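The following blocks contain the structures, represented as structure tokens.
Presented sequentially are two complexes of subunit A, the first with subunit B as partner and the second with subunit C.
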Partner chain A sequence: MDNALTSSGMKKSFGRSLLYTLPMFLITFMFMTGGRPDFSRPASALAMVVTFLFVNILYFLMHYTGKTDKFRAILFIIFALSLSFTLINNMLETRNSMSFSQADILECKIPFCHLVIPMMILPAAFTNSIIFPGSIIGGFANIASMVVLWLVATLVLGRGFCSWGCFYGGWDDGFSRIRKKPAIKKISEIWKWMPFAVLIMVSLTAALSLIPTYCDWICPFKAVTEFEQVTSVESATKAVIFVSLFAGLVVVLPVLTRKRTQCGFLCPLGAINTVSNKVTPFTIKIDKKACTECFKCVEVCPLFALSTEGIKEGKASVFCSKCGKCVDACSKNAIHFGIKGVPSCTMKNFSRNLFLFVSFLFMSVFSAGSIINSLQSLLNLIF
Partner chain B sequence: MKKVKIIAGITWAFICLILIIILFPGLNSFSASAAKLPFMKINPNYSGGEVAQQLIATGCTLDIRKPVFDGLIKKRNKGFVQLDWRGNVPDKIVDTIDYDLDNKPDFCIFVDRDQSKTVLDPINSKVRDIIISTPTSYGWAVRVELIK
Partner chain C sequence: MTDSLILGLSSGSSCLVTCGMVMFPYLMAGSAGVKRIAIDLSLFLLTRLVIYFILATLAWYFGQALFSNQVVRNVVPGILYIVFAVMLVWYSISKNRNQECPAKIVKTVNNHRLVPIFLGIVNSLGFCPALFIILTKGATQGTLIQSYIAFLAFFIGSSIWFLPLPLAGKIRKKEVLKTIGILATGLAGIIFMIKGITNLIGGIING
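The block that comes next holds the complex of A and B.
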């Protein structure tokens, strides 16, 4: 529980960084291989070894360099890309198409994702059932597993789920890093409340129609996962909406603003995760004494969680997804990962190490399956 | 008070650490437990409802499901009944359906699987139109729109 800081923040020596990586190394090895690595299929074994080494090198570098966001983002973006690749590959193998048919709906074969959860709540309370044509248990992306994964992750990480667990967030996170400086600098902070409006709207419309309206009409990620077969004007309209929202909120606006606009302005699950941010033990703390009020952190925050007023008061808002961008940007080490109840600027290293272990372990194990699958498919394609 | 807060915060953080460590190895059993929760079943608007009658012919089974009118709080005025033909389904299906079990035919249905053509002949005035008629992995399925 040391409190010492080197001049470059949380940077550690090579040996100490290796020591901190060892538990992650062992646990990810157990989770990825089940304790018995299978080398009978070379492509699968190679994909597993590469993924295992890759995640552990990233974790090591987080400790060795003292930087968080840079290495988190690499895995986060690869997670989003590989998940879409795996999902599309799975659909092409099972259905020969990226679109799902009426038969897939009737047979409840649609993969479930966490973005459906906000629309499930009211109908589940009133009708005792789930308004989604997926599989409750068993099969690819079943409802019970996804609900358990999200529930635990949001309890533990709060809105940190949006930067360490969501397999869509990597898309706009990636696009928000393309330009070095934003072309659009002034964005009204009022937009950060928009996900709550979307949450209320989709919850009510889903409850009244018993249709997951966000998935059916709005979700931008339909453009990179699955969508309804275009057979009518209605399904064509939906496809246009999906592609337009993806292009606008996931590609163009993040590039121009350097903000995660889909996550910040639209995602209804992000709104729920914002509320659960009150429960998680992990937070971002600001040391008012060390802060020079340069507001670089406010500038780089991708989710409008930091404001000049908040910094002056020494507070990050509940919108914080604990991505670590502000922590990396602060040259005075005035912002750091902390634990609620523990005063700011005490136990900085301990709090960061504990948070990184918890959040990175979740992301690496959650993402490993789709990264291994994608690598394996690519290797099979090449050889 | 400050010490209590620190201890509480760190304890909660360690509980979270344990939760994440046990989450993935225990996911199958946690999911199985979650699946047993009372609301963990697919809404009949998607699942098609429970099977009410099963008619068996040579190699082919016809499941006639319970009519679905489910709404959020009360029953809706419009609903549907789903028919599933399973097994060795003939190329041309001709069936007379009594979905409400009153021993009177409610509609006749003709499906030409090769041409993907479905014709509904309503007998009961509550029977309206065909909503879905599609091949499935188990055979063929049709949803017929009903009013109360």
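The block that comes next holds the complex of A and C.
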């Protein structure tokens, strides 16, 4: 039965979808409330209830409609926006500015993000030191929790982290959806190797200078989070680079190409996640018998993971972030979520359910805090 | 030191892409085993190191003579960095990059013992944009020792790529490595372009 699904085969009845949502409902409730809901502060309680319902409705709709990417993207984009909002809000409250000073660096007060991880590996291995001026275990966005979260996610989801866990990915994912059709269609596939070149560069420069060079010089998301105070030609140059890269790779190019250009052409962590795609149990599978070679999936893939040659061979490349865009686009249900070792045309529903549960749970738990904080801040602002 | 090493690493990769396969048969031809390969490679690398130290000395002396004024010391190298960095980026995106390897003239050398030395000279004097950048850097260093350190870092970065040369035949995904190497070269060009612009603006403001 599971092997002969039609294009609408991933849809479920209302009751069955509700049943599939129940475990997510319970787990997210436990994570968001700690088992003891606190209604003493109305704004906080309202923000939590809204987030809880919102997350679970999205998960329910994934099962009910059989569509993945549409509902994933909603939470993913809101996650990115709310995290930037929370970070900026936090910095404005604690420092009255989005920029940080040398004193903040010396006091290790810089919030940590997962993009630093590639640069930490070599210095940590050779000098037993962490080159990022952040808090290791305590405080806001500490290093230990972020590293553990990323490690678990990348081992389980592989590059799926880039579409289900990264709190920056939602920015270019969002902008890539603005136009209905791409203005730039032909992009050389050579660029998909750029994150590896960036990874080599930033890892080595960080190891030699003991400075997280990607954060210091390149990261486009500095434009929407925090950046060094402009006090010299060097810091002004950095600010220009951050803003230009954000405008170019996160806004303009995604709008024009309908691709996630920052994630696909720059992010060094994406390169590591691409490699970890080799060990993750989840993958995208292509049923060659059902495939009509319309290549709609190749067209919609935001990260150049699918090619016409690959489709003919029945293979998705390691660049796949399991966003589900190709799965939703395939009218023949020939492309689907799968588990390694299981033949491509079998257990489609089971594989999807399992992958969705793991990945959506990670994203909802990871994003809930910042969404609740943002909502709470907005409610406090309004009332 | 970091930027010199990075420059070496990036230029080394592109150098290997263009010349590695030309040099490989000559370096390895007639070799009787690991010992011989190690000797030939060592001679090749040693020759490059000597040439780089000579270039470091010349660059520093010329730099002292040419860039005596502090403003000139910032502005001129800034412009040179930008020009050479643009050349380096152009080199990485140009489709003609694989046309000719200067090491091909090694065919004219009959004595096999001299081949690694000859290749070392040709390889280190192949005036590519990366070498122009490191020459500019060497020329602007405060002391001769600093110029040597910059060239040494450049040498180390570029030499790393030659160490696995004997295993070249066994590397499966050569095209991927070549692509990443070329992209890294372009990135190094951008890094030095930014460095040049920062130097230039700093020089103008301070002047």
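FYI, the second predicted complex is superposed on the first by the 376 of 383 C-alpha atoms of A that agree within 3 Å, B and C clash if a C-alpha of one lies under 4 Å from a C-alpha of the other, contacts with A are read in each partner's own complex, and residues count from 1 in each chain.
One rule holds for everything that comes next: a contact is a pair of C-beta atoms (placed from the backbone, for glycine too) under 8 Å apart; a residue touches a chain by one contact, two chains touch by 3 or more.
Predicted model, so just to flag it, every value in this text is computed and none were measured.
Asks: Have a look at where A:40 lands relative to subunit B and subunit C in the superposition and call it first, second, both or neither.
Replies: Touch status of A:40: no partner.
Asks: Contact-wise, after the overlay, does A:208 reach subunit B, subunit C, both or neither (first, second, both, neither)?
Replies: both
Asks: Per the contact definition in the header, classify A:145: touching subunit B only (first), subunit C only (second), both, or neither.
Replies: Touch status of A:145: first partner only.
Asks: Touch check for A:188: first (subunit B), second (subunit C), both, or neither?
Replies: In the superposition, A:188 contacts neither subunit B nor subunit C.
Asks: Is the number of subunit A residues in contact higher for subunit B or for subunit C?
Replies: Counted on subunit A, the partner with more touching residues turns out to be B.
Asks: Name the contact category of A:96: first (subunit B only), second (subunit C only), both, or neither.
Replies: neither
Asks: Considering only the touch criterion stated at the top, classify A:133 as touching first (subunit B), second (subunit C), both, or neither.
Replies: After superposition on chain A, A:133 lies in contact with subunit B alone.
Asks: Touch test for A:27: subunit B only (first), subunit C only (second), both, or neither?
Replies: Once the two structures are laid over each other on A, A:27 reaches subunit B alone.
Asks: Enumerate the residues of subunit A that count as touching subunit B in its complex and touching subunit C in the other.
Replies: Touching subunit B in the first complex and subunit C in the second, residues 208 of subunit A appear in both lists.
Asks: Considering only the defined contacts, which subunit B positions touch subunit A in the complex?
Replies: 2, 5-10, 12-14, 16-17, 19-21, 23-25, 27-28, 30-32, 34-35, 38-48, 70-73, 82, 132, 134-138, 141, 143
Asks: Using the touch rule from the top, collect the residues of subunit A that touch subunit C in their complex.
Replies: 190, 193-194, 196-198, 200-201, 204-205, 208-209, 217, 233-234, 237, 241
Asks: Where on subunit A does subunit B make contact in their complex?
Replies: 27, 31, 101-103, 105-108, 122-134, 136-137, 142-145, 147-149, 152, 155-156, 207-208, 210-211, 280-282, 339-343, 351, 354-355, 357-358, 361-362, 365-366
Asks: Taking the complex as given, what residues does subunit C use to touch subunit A?
Replies: Residue list for subunit C touching subunit A: 1-3, 5-6, 9-10, 176, 179-181, 183-184, 186-188, 191, 194, 197-198, 201-202, 205.
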